[in-house]
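Worksheet: one structure, shown below.
In order of appearance the chains are A, B, C, D and E, and numbering begins at 1 in each one.
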Amino acid sequence: MPTFPPTAKSARRIWEAAMAEAPLLDVKGLEAWYGESHVLHGIDFDVRKGEVVTLIGRNGAGKTTTLRSLIGVVGKRRGACIYKGADLLKVAPHKVARLGIGYVPEERGIFSSLTVLENLLFPPAWQAGGMAVDEIYGLFPNLKGRDSTSGTRLSGGEQQMLAIGRILRTGADFILLDEPTEGIAPVIIEEIGAALRILKDRGMTIILVEQNLRFAASIADRHYVLDQGKVVDEISNNALDANMDRLNRYLGV
Amino acid sequence: MTDIFGVPIAVLLGQLLLGLINGSFYALLSLGLAIIFGMLNVINFAHGAFYMLGGFAAWLLLSALGLGYWETLIAAPLMVGALGAVVERLFLKRLYRVDHLYSLLLTFGIALMLEGLLRHVYGAAGKPYPIPPSLTGGINLGFMFLPMYRAWVIVASLAVCIATWLAIERTKLGAYLRAATENPGLVQAFGINVPFMLTATYAFCVGLAGFAGALAAPLYQVSPGMGSSVIIVVFAVVVIGGMGSIGGAIVTALALGIIEGLTKTFYPAASSIAVFVVMVLVILIRPSGLFSREA
Amino acid sequence: QDAAPVRIGVLTDVSGQFSHEAGEGSITAVKMAVEDFGGKVLDRPLEVVVADHQNKPEVAVSTAREWYESQGVTMINNLINSGIALAVTQVAKDEDRIAIVNGSGSSRLTNDGCTPNSIHYSYDTYALANGTANQLILQGMKNWFFLTADYAFGHALEADATQIVKDNDGEVSGSVRYPIETSDHSAFMLQAQASPAQVVAMAGSGTTFINAVKSAAEFGLAASGKTVAGLLVWDTDVHSLGLETAQGMILTNAFYWDRDDATRAFSKRFEERVGRPPHMGDAGDYSSTMHYLKAVEAAGTTDAQKVMAKMRETPINDFFAKNGKIREDGRMVHDMYVYQVKTPAESTGEWDILKLVTTISGDDAFRPLSESQCPLVKN
Amino acid sequence: MNSTTMVSSLEPPRTRRHRTTGGLLLALVALLMICAPLAIYPLFLIKILCFALFAAAFNLVLGYAGLLSFGHAAFFGGAAYITAHAAKVWQLPFELAVLAGTAFAALLGLAFGTLAIRRHGIYFAMITLALAQMIYFMAVQMPFTGGEDGIQAVPRGYLLGIIDLRDITAMYYTVLGGTILGLVIIWRTVNSPFGHILSAIRENETRVTSLGLKPERYKLIAFTLSAALSGFAGALKAIAFQLASLVDVTWHMSGEVILMTLLGGMGTLIGPIVGASIVVGLEHFLSTSGLPITFIIGLFFVVCVMMFRRGVFGELKALLERSKP
Amino acid sequence: MPDSAPIIEARALTRSFSGFIAVKNVDLKIRAGTIHALIGPNGAGKSTLFNLLTKFLSPSSGQILFKDRDITQMAPADIARLGLVRSFQISSVFPHLSAHENVRVALQAHAKETFAFWKSNATLRRFNEEAARLLDSVGLADRAQTKAAELSYGRKRALELATTLALDPEVLLLDEPMAGMGTEDIGRTAALIRSVGKGRTVLMVEHNLGVVSDLSDRITVLRRGEVIAEGSYADVSADSEVRKAYMGGSHG
């Protein structure tokens, strides 16, 4: 497995971030429910500005639910998620995006009643600094020329690209990505990885939920391991190789 | 004079025009219904009741407050729309996530309540509402006598329909609404205030029905039952045009008005079935309606 | 010794589409009759029970049966809605109790649907169509156009009027049967306008009738020299149309509140309680209940056949009818009146709506027994 | 019996105790119905039974097949007309008249089903509504129905040629027998291999296709069966009340049966029966109450949609299940 | 047995969507008893090809043969009945039925115990054991009573597989069976596919190259609707076209 030694640039950023006073996002004791069932039992983690942090864990560990809790599409939540000083749990769901948070959902969330172009242009750009449509096409050439196709008629992988692409337009500088490589061909995974590194270099902060460890390791700074609705471990990317055994145990390999 | 199946051409032309006018009425009603279905995923059985309320509001404003026709035409839809907003906030809002059977039943119940209430308070007999003096009389078109008021109806309703169509199809609003029916949580996550948008949409569409009611008051008996007799036909229009297709609803409404008018001329006994026959045929040939987005 | 109350039932439409033709008005009328009678008959207290049949025949039938069988109801009144009237009169026959119809107009009630236990009291389709047609023919308007609601009731009105027109060498130059759901009649107005007819007769009732008259006014039928006639018009219909729209229309009625001092006296009392003057249904409800109670008193029993016999043999003389009599087919025969709707200028009050054109004697107004298909009539 | 709902009946076998409770409950209801005429006016009970059967039959398509039919009045009212006509004009004996009505409803159901079954959701509802409206207009205009007057004085005849149905008690037990027969058929259908496939179709039609089954066929069978049983209910009602009327073919009747089903609890066997009793009882009570009936019925719709979405019986069951360990 | 007769054969299969050609002139032979993988970049037409083979979509032109029989005109349900069964790329379960019930419905369909509306549902008990076994084989034994809707994404995939297996198909078409699964499940599922693959034919779309190389006897690579390579894993991964179009730099 290839390793990606941190570049000088990103090393400096990590150091800068570490120096910064408060983390960009600080999640404390987050609990969440689906109806009656209690799914998250006190999640704690933080993300500093410019960092890429992954959440990993077995199926059903609560990774998706954690992201959903942050943007407010889960029914009942408790705890605190302090983002830029505000508690996300107390922000009206439709105002979360306006804080510059972008979300790429697990099941992609492409709207079938909208065309590809409409899907792409859908999320309002709440902040400056978003990518232009052509730039996005450059990143994902598959989407080019499909403007008037209904969104869900795209292939699985193309829908994934569309889901990522549309967030890049909004100028969000904090992105929650739920398994972006699922169903994506290896070449394109590499491209997405490259794109994410570019975004990171531009100062974007990312939470990444991933099953593909190899991919995660190629861009992340730190990894949080979730199990049964709790954060059970934190491993920095540098220490990943050294801790592979421990990690495999968590993941049940 | 030339005849077509025994009907003089002049009479036929007149019938076509009248059909078109009726169609523009249907358009006003089915437009709102189509938007509510397409965007909110609600089968709004109360649409007829709101239409009726529009008529009643017009009558009340006239008889109790002495408001003139033009003021009424603006105030009545606003009142109905406001009531619609309340209904959406209090009830419908909680039903978006469950099977749309429930919103159908809810609106069915609301229709019964409104109809029952008005009948209880104002009686089953209708209320008189005269044609405004500025619009009485008619124009002789040569082939027919066209009452002024009917001419005004077609102008007013088409203008409103087209304005609505532009507002929804030519702006991002339409995309927001359509997406919100599919996945409201996600749309919200993109920073759009979905609940507000839905309330406003419902209120607006119901307001359109109220507008139609106020427009109809001088033509038809303003009575508690006036809504339930048109609602089924308007539903058929929406189904034929393709649920959720706004332009489709308008065009279909006009076409059906004409078809109905022609049946009234050639075989009046079948005129109320005509719409349903067309509907069954269309659904068999093009299941999702003539103008629906889905193939 | 038997102090069990005598109960009279009012089975009517309180909340539905016919509630202005019956409903509260009919209930009040029957209650007034009971009060005026003294609240007692045969030394037994009188009670009025009321039910809203919601225009559902099976609600009406089960209520009627329950009333007759286990609630001691001896007579049921009003019975608006022809389907219900036809069904409940059968129940009355089965149970051997009495049913008096004031709401419904179907002349089948004294024709093929007649029973020895039922009375059709205030009006019927035959008398209404007949009165109006005769009068207009008399005025020389022999060319007719019918706008008919496509159901049994409309057909009956049209058929009866057509008969009169034909018998008098008149001509029917056109007839449209529109489905009862129709709310827009403009298409038919064009046809009526294009026809050479002098009279445009509306054979329908309720909303569909009102909408037809509204379009007639809108399309200026009267202005183009045609006479609009309603074959079944209630005072409340005229009121809800407004005189502006309805003026000039010819119609036949069994009762008008402003006819004479007696009617005005009753109407005043009625209006105090209901908020509007009584129409032919209300007046009939009162008059028939009174007649029934007098017959019970005279017969000394509530036994249906004995009371029916008494009612048949006693002529009715009150504010509603002069020398009214009940025939063996159950038809109460009395004078009918042809009215014309006043113009707004002629009217002096909200309910000052009709002016008398002529009076038709009872024997001319109703279907002669010789034409009856009622099995009770021995021709 | 195992349980009355589809979903839970698919679960592995329940404990014996649960079954006995279910059986006891049913026995109790049966006993109640047998003794009921002693306390309650039989014609009123007959009405409840007819509507209970109608709602239960309707529930077969709504609750179990997930098809919202907005045209069931056509079967109920259509069969009533045919039965009334058969008994009155053709003078057929009771059994044959009822059979004629039921068969008519079944055929009509097959026809409606064939036209509508490929469409989903609201389209299905609207097509069934449109088709039923045609039946309604035909009933208004065809001479044999008597238009808005309806058909009256329908003879009740004799059961098996011997028992005089003019006796209200005899009539009641006959209708009770018919209703139980109908309910048993529904119960068996729902709790059969066929019923399981039906509920799978309701859940995910595409997946059922990929399992090698043709969903349309199952839905069509269920729809036809439901139409036939609705017709059976209408036929019994026509005989018991000795009339057939337009009310039974209006779209309001189609709406009312939805209310009954929903009010009681859709997708349960007892639910529609409870719902029918409530609606019929309410109608009966309100008719003499002087309250505005339409308004109150509407209010009931609203309250029940907002507060008891599972229906009275469904809520009760959920409550019981929650309280169980 | 790479030389056994083809059980499925596609001849010049083409499908276009209003001008856009998703599958272009594809010739494909799947030999009986093999595990055959279909790979290719996103949008290459893999799922479309699947849909064509199972007739969830109709081809614009071309021919499909199953055991030398032309099935191009058959209905999807009939094809499934012949023994050609698919799973879906986006999970397709019966959401309100438990996992156990999900599988049992499939067993029932397979046993043709579906029309009998007069029979008692007790007849279905005979499927319980088999359903439990299947669930166990995909690692869902402890979730048997959970409603499918409440399973996490990965577990839904496993359930999907179990349901498909319940039909005991001769040919199994799996569309990205591993997508969304965690490492732990991937291993188990791969083992499972290998074991059910014995005596059956499996056609599989998968982006996880580890799994593909591990499982498949033969691989077809599609790109923009066309076949660009076919052969063993070693063969295709050596192909520079394939590397460029699909695998990228990091695989070898």
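One rule holds in what follows: contacts are C-beta pairs under 8 Å (C-beta built on N, C-alpha and C of every residue); 3 or more make two chains touch, one makes a residue touch a chain.
Heads up on the chains, UniProt names are A = ATP-binding component of ABC transporter; B = Branched-chain amino acid ABC transporter, permease protein; D = Permease component of ABC transporter; E = ABC transporter ATP-binding protein.
Here the structure is a predicted model, which is why all the values come from computation and not from measurement.
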Shared chain contacts [chain C and chain D, defined touch]: B
If a chain touches chain B and chain E alike, it appears here: A, D
D-E or A-B - the one linked by more C-beta pairs in contact: D-E
Chain separated most widely from chain E, comparing mean CA positions: C
Relative to chain D, chain with the most remote C-alpha centre: A
Centroid distance [mean C-alpha coordinates] between chain E and chain D, Å: 43
Whole-Å gap separating chain B and chain D, where each centre is the average of the chain's CA atoms: 33
CA centroid of chain B to CA centroid of chain C, Å: 36
Chain A and chain E: spacing of chain centres that average the CA atoms, whole Å: 30
Chain C residues counted as touching two or more neighbouring chains: 15-16, 150, 179
Which chain pairs touch, all of them: A-B, A-E, B-C, B-D, C-D, D-E
Sites on chain B touched by chain A in the complex: 172, 175-176, 178-179, 181-183, 185-186, 188-194, 244, 293
Residue numbers on chain D that touch chain B, as the complex places them: 62, 68, 115, 118-119, 121-123, 125-127, 129-131, 133-134, 137, 141, 251, 255, 258-259, 262, 292-302, 304-306, 309
Residue ranges of chain A in contact with chain E within the complex: 2, 34, 37, 57-60, 64, 106-107, 142, 146, 149, 153-158, 160-161, 179, 182-190, 211, 213, 248, 251-253
Residue ranges of chain C in contact with chain D within the complex: 14-16, 49-59, 61-63, 65-66, 70, 82-83, 86-87, 90, 106, 108, 113, 150-153, 155, 179-180
Complex contact set, residues of chain D against chain C: 41, 43-44, 47, 137, 140-141, 146-150, 152-153, 237, 241-243, 245-247, 283-284, 286-288, 290, 292-295
